[in-house]
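What follows is a set of structures to go through.
Next, two complexes with subunit A in common: one pairs it with subunit B, the other with subunit C.
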Partner chain A sequence: MALSGISRVRRQLPTSPWLFAAPGLLVTGAFVLYPFLSTLVNAFTDRRTLIPGQFVGLANFRELLQDDMFWTGLRNSTLYVLGVVPPLVVLPLLLALLVQKNIPGITFFRSAFYTPVVASIVVVGLIWVWLLDDRGLVNSLLETVGADRVGFLSDQWLLLLSAMAVTVWKGLGYYMIIYLAALGNVPRELHEAAAVDGAGAVRRFMTVTVPAVRSTMVLVGALSSVAAFKVFSEVYLLAGPSGGPAGEDTTLVMLVQRTGTGLTGRVGYASAIAVVVFVVTVVLMLLVLRADRKEES
Partner chain B sequence: MRISRRAFAAAAVAVLLPLSACGSGGGGGGSSDASGKVEGDITFQTWNLRANFKPYFEGLIAEFEKKHPGTKVKWVDQPAEGYADKISADAAGGTLPDVVNVSPDLVAPLAKAGLALDLDKAAPQYEKEYLPGAWAGHRIPGMTGTYAFPWYLNTGPLFYNKTLFKEAGLDPEQPPKTYDELFSAGLKMAEKSGGKVATLANVPTIEDFGRYGVQLMNKQGTAFSFNDDKGVRLLAKYKELYDAKALDPQALTATPESSGKKFLTGAVAMNPGSALDLGNFKKQAPSLYKNIGITDQVTSTGHVNMYVMGVMVNSQSKRKPAAVAFAHFVTDAAHQMSFAKKVAIFPSTAGSLDDPYFTKEDGSDETRVRVAAAKSLKTAVNYTPVLFSEQMKIALRNEVAKALQGKQSPKEALDNAVKECDRLLQQQG
Partner chain C sequence: MSVLEKTPPREKVPAAVREPRITDEHGRRVRVWELALRYVLLLAVLALTIGPFLWQLSTSLKGPTEDIYSSPPTFLPGDPTLHNYERVADTIPVWDYALNSLKVATANVVTNCVGAALAGYALARLRYRGRRVATLAFILAMLVPVEGIIIAQFTTMRELGLNNTLIGVVLPGCIGAMNVLLMRNAFLNLPYEIEEAAFVDGANVWQRFLRIALPSVKGTLAVVAIFAFMGAWDDFLWPLIVLSDPSRFTLTIGLNYLHGTFANDERLVAAGTIIAVAPLIALFACLQRYFFRGVGEGAVKG
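Our next item is the complex of A and B:
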């Protein structure tokens, strides 16, 4: 009886596939699953960096609701999604259409547009700080033409907009490549048929190109919205570690970093914020995918 | 189906079991007994010193190993950026080195978690070798004991741009010494330059409140008190400077690096620094260097601010005798003196500051800065409370920014900052 049980298990659970999968499972378990579950557990404790926590139930989440900085972070992260996703869905598509053509020298432009993607975000941040600083290049040019200096890095809203501009600028090339792959799959005959029917460039774009790359646009929308909600580096580099004037440009991930790190870090509380970030990003993904399904049906 | 449930259960146990072990030991502390033979392998961690002082530390370690046969010191150096995070990770993971370069604010949480060795118990014989103020610099309010050997001290002069002073009609040979003089000079400079030249590039920090004479904490070290009348007066004055553009408009988001750059470009007239900066000025801004003025830190208490570095011994170290002996070796008078001759720092050992190296000028700017700094260090105060964490610094900075922007009054801002800092202090335990 026992032997037949074991052989049944062996039949249903062959060893070799698990052995092949083991390295991947171990890495995923150690670096994805374990930190994720650990964060989830910590969110319900008052754990600090050097002091193991006690279970505190929903206390961290209740505290979040009364924390002005949390609401500031949630507002900024949400505004970031709203400000960054539409240009990141549309502009790379237009850029891809431009560089799709096989004309002499186009490879140079494709590489040039892709350069910001491979550039280190710290270097990108420093360059933009030099450009937008109170005495930077942009303000010097403005002064030269008789205009007043603009406080790109000292005004709460301009600072957030500047960070959004950096994100869009850095992301254009990446999404352009995705669109280039999608555009390569659009049948040329459709464009030719539309052209024969008298459709102009704009009409062909709206009636042929856009429907053909719609699922790619949804993918870009989903990817960029999740990335935008989790924004950290651009705002941190432009606004400084305190999160802009009076911390008004702090995003949720900056808040996680600020609250949960260091020797006196509140790991439990920071984990609770991280859980909120996770839930919101999952909801964002679901919303985008649901909208896509609705559109398809 | 049954198998997949089992497999899932096994996977869940494998993942969740380690979770039950999450969190560091903290609080337990190790034995304070550091007696015994000095031997074995220890690890020594410094704070961004390898790039410039590799030969010095290699020589120091070789000397120690020769003096104590059977010992081996492994030297690790961590970059300045994220140093506290690295220590946090090591402390939480139980991999803290045996001997660690720390500042008092880093020692406080480690001592509270029982990870810093109490030297008053483990090595009281060394106390007399150090300046009393420096030895006391690693005591933690609410705890008994001293948790690190004092290492080097530092204080910085205030640099100012003589040309900008002249253009504003200010005497370049009479820079401001007190905050009141600073405020009036700042307002005059902003007025004369039409708001184009600011005098300062940073919002007031906790050290500014200390130098202005504000009582930062209560005597028991259990609550902050920088929202008193003096504190409010200081912040109100900074608001006046900000409105008049005597404080740089980007001061609300400035870092020491960004304000240093503003000083280099002549956008700001005064900036704190150290003797090391003189070399930078000479290289990066020769025209500024010709017109550089050097003065003491502005203070209304008569005492300048002092930064203290320490060397802590991990209380969980398995080689405590060797760790204590090495920490003392690094910080003893002879080695602090030789280190001070390589870089613009000052020894914390008793009598070292009376060495002619710190008392005699040779006419160069470098010597002038060194002698003046060494003199002021004798009465200097470390104004940063050891319990003032990074989160507290940000809380203060944010509330100060709100006051400067006019979103709340200076009194409200400081009340809120104190409330938040007290809350964080309570959470530190």
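Our next item is the complex of A and C:
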């Protein structure tokens, strides 16, 4: 009955619903859905930036299998997920517990912990390049305590680890807020009952808090793993456009950017890599959701 | 102003906030040693999250004669100077880049607020054939990873002749699907009766949208505006791909360029990064309540 008035409007102004939705649909169609479809099509062509290209079937994908750089990118993007997701699921939860209590000044701490999220990734990247430089703050502190300087930005593996640390550092505050919202919904009776039963803080955390925020942990795991697989900026800024020593730190999205742009860009080949990125992210999402369902049953 | 604002707010302020004594989230008194431990941990995390920014600020204020590589490091500049900020401006047109970023971010805020509000209203409140398809289009668009379609976006932009322009930087994200769905949820939560009353009074669909529905979702609109500004100001990958002419760079791309060209003078890079991050931190400090609400809403409503 509440809808009757609205439906009469349709007779009155038949075009206006579409006028409302048109700008949004136009932009989404032209710059998201059309590029998505054309990426799928381009992946099967030898299109280049200035050359329209022709259908080549699975040639791009066959070439991928033989391309060492592709395997390097796939390896690094996968390692990134493995290295970044566990700390991003656990640490922000501990941080949320730390800032949950309404003690004086806590709003300041919450905001301060969120600052790295707000700062642009370029700023964050350049700050960490300076911190991890051979002569930077971290090394100068190491030297002060008598340790050797470490080449964080020159060794292939240390570089990847450093980029992971930057990703975790920048993401902490974001996931902390998500956990904070979830913690607010944990019924206090559970905590009180456990406390009456004599459970200590650690025990209560494992038996009350963790089960109560489990679905949030799955959400954080899904969000952070998909984001980690698509990593670009952190590694690009720390390792440089060519991806560190001999390109060994290149990630898949860096490879997409490098092969697909410029006047000689191989749009078709880059699209094929992008398709791999799509497929893996969809699989990652399904894996996380499936793990969630299994544990529930 | 609107009728809806008189209804009580949905979020309750926890009672503990108003009490003067120090209590936990359940209203119990917190013990002193536990409180001390909390502050120690809080300060440790504070050093880790804010420290790097302060170190960058300190580096940017150190003069040319000061050793920035000393060991042990000196945290406070011996003779603070703004000299490096002048030098950045001599080296790259940093204020032009900041202006470009400001243009892009402002345009992004306007287009996202207007476009997402209009489309969200159409999805939530209007009845017409094809509404489900339109909703589905936005949901699908939200799921498409930007990183994967960026090359196709670039070729689309080339075909439109808009690559290497600021319009080209703005267009792909100018009405985010996520924002449309956020606005849709906000409009869905409004009671129908108020619009009904306006309809009976003879208000047409535009009047109802502008005078009644829109003022009632100001909170969500603010969240969309803040995230649109931040997203555009901070974006890196897309402007990197679409802009090639240094005179059109935004601040993030300009900084990356500064770093690549003059990597050997950290003072300059530091000054540049502070110019890029300071306005954003100031904006965030003023609007942090909306930030946290926005993240919370995004996470809960998915």
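The rule is short, and it goes like this: the second predicted complex is superposed on the first by the 273 of 297 C-alpha atoms of A that agree within 3 Å, B and C clash if a C-alpha of one lies under 4 Å from a C-alpha of the other, contacts with A are read in each partner's own complex, and residues count from 1 in each chain.
Everything that follows uses one rule, which is that a contact is a pair of C-beta atoms (placed from the backbone, for glycine too) under 8 Å apart; a residue touches a chain by one contact, two chains touch by 3 or more.
Computed from a predicted model, the values in this text were never measured in an experiment.
Peer 1: Since both structures carry subunit A, what do subunit B and subunit C do when superposed there: clash or fit?
Peer 2: Subunit B and subunit C clash in the superposed model.
Peer 1: Based on the superposed arrangement, let me know which partner A:S154 touches: subunit B (first), subunit C (second), both, or neither?
Peer 2: first
Peer 1: For A:G265, using the defined touch cut-off, is the partner it touches subunit B, subunit C, both, or neither? Pick first, second, both or neither.
Peer 2: In the superposition, A:G265 contacts both subunit B and subunit C.
Peer 1: Mind working out whether A:S16 is in touch with subunit B, subunit C, both or neither, as first, second, both or neither?
Peer 2: In the superposition, A:S16 contacts subunit C only.
Peer 1: Look at A:V99 in the shared chain and tell me whether it touches subunit B only, subunit C only, both, or neither; answer first, second, both or neither.
Peer 2: A:V99: touches subunit C, not subunit B.
Peer 1: Quick one: classify A:A165 as touching subunit B (first), subunit C (second), both or neither.
Peer 2: neither
Peer 1: Once the shared chain is lined up, is A:T49 touching subunit B (first), subunit C (second), both, or neither of them?
Peer 2: both
Peer 1: Which partner does A:P35 reach: the first (subunit B), the second (subunit C), both, or neither?
Peer 2: Only subunit C; A:P35 stays clear of subunit B.
Peer 1: Which of the two, subunit B or subunit C, is in touch with more residues of subunit A?
Peer 2: Of subunit B and subunit C, the partner in contact with more residues of subunit A is C.
Peer 1: Quick check for you: in the superposed arrangement, does A:V253 touch first (subunit B), second (subunit C), both or neither?
Peer 2: A:V253 sits against subunit C, while subunit B stays out of touch.
Peer 1: Give one of first, second, both or neither to describe whether A:R135 is in contact with subunit B, with subunit C, with both, or with none.
Peer 2: both
Peer 1: Choose the clashing stretch of subunit C with respect to subunit B from the list 78-86, 240-248 or 294-302.
Peer 2: The stretch that clashes with subunit B is 240-248.
Peer 1: Taking the two structures together, which residues of subunit A meet both subunit B and subunit C?
Peer 2: Touching subunit B in the first complex and subunit C in the second, residues 9, 12-13, 29, 33-34, 38, 42, 49, 129, 133, 135, 261, 265 of subunit A appear in both lists.
Peer 1: Over in the complex, which subunit A residues touch subunit C? Could you list them?
Peer 2: Residues 2-3, 5-10, 12-13, 16-18, 20-21, 23-25, 27-36, 38-39, 42, 49, 95, 98-104, 107, 109-116, 118-123, 126-131, 133, 135, 137, 140-141, 143-144, 169, 172-174, 177-178, 180-181, 184, 188, 191-192, 216, 219, 226, 230, 232-233, 237, 253, 256-257, 260-261, 265, 267, 270-271, 274-275, 277-278, 281.
Peer 1: Using the touch rule from the top, collect the residues of subunit A that touch subunit B in their complex.
Peer 2: 9, 12-13, 29, 33-34, 37-38, 41-42, 47-53, 129, 133-135, 151, 153-154, 159, 239-247, 258-259, 261-266
Peer 1: So in the complex, the part of subunit C that touches subunit A is made up of which residues?
Peer 2: By the definition above, subunit C touches subunit A via 14, 16-17, 22-26, 30, 35, 38-39, 41-42, 45-46, 48-50, 52-53, 55-56, 59, 69-73, 114-116, 118-119, 121-123, 125-128, 131, 134, 137-138, 140-141, 144-145, 147-156, 158, 171-175, 177, 180, 192-193, 195-196, 199-200, 204-206, 209, 230, 233-237, 240-241, 252-253, 255-256, 259, 266, 269-270, 272-273, 276-277, 280-281, 284-285, 288, 291-292, 295-296, 299-300, 302.
Peer 1: Quick one: which bits of subunit B touch subunit A in the complex? Just the residue numbers, please.
Peer 2: 3, 7, 11, 14-16, 18-19, 22-27, 84-85, 87-88, 91-92, 106, 109-110, 112-113, 115, 248-250, 252-255, 258, 262, 265, 267, 389-391, 394, 397-399, 401-402, 405, 407, 424, 427-429
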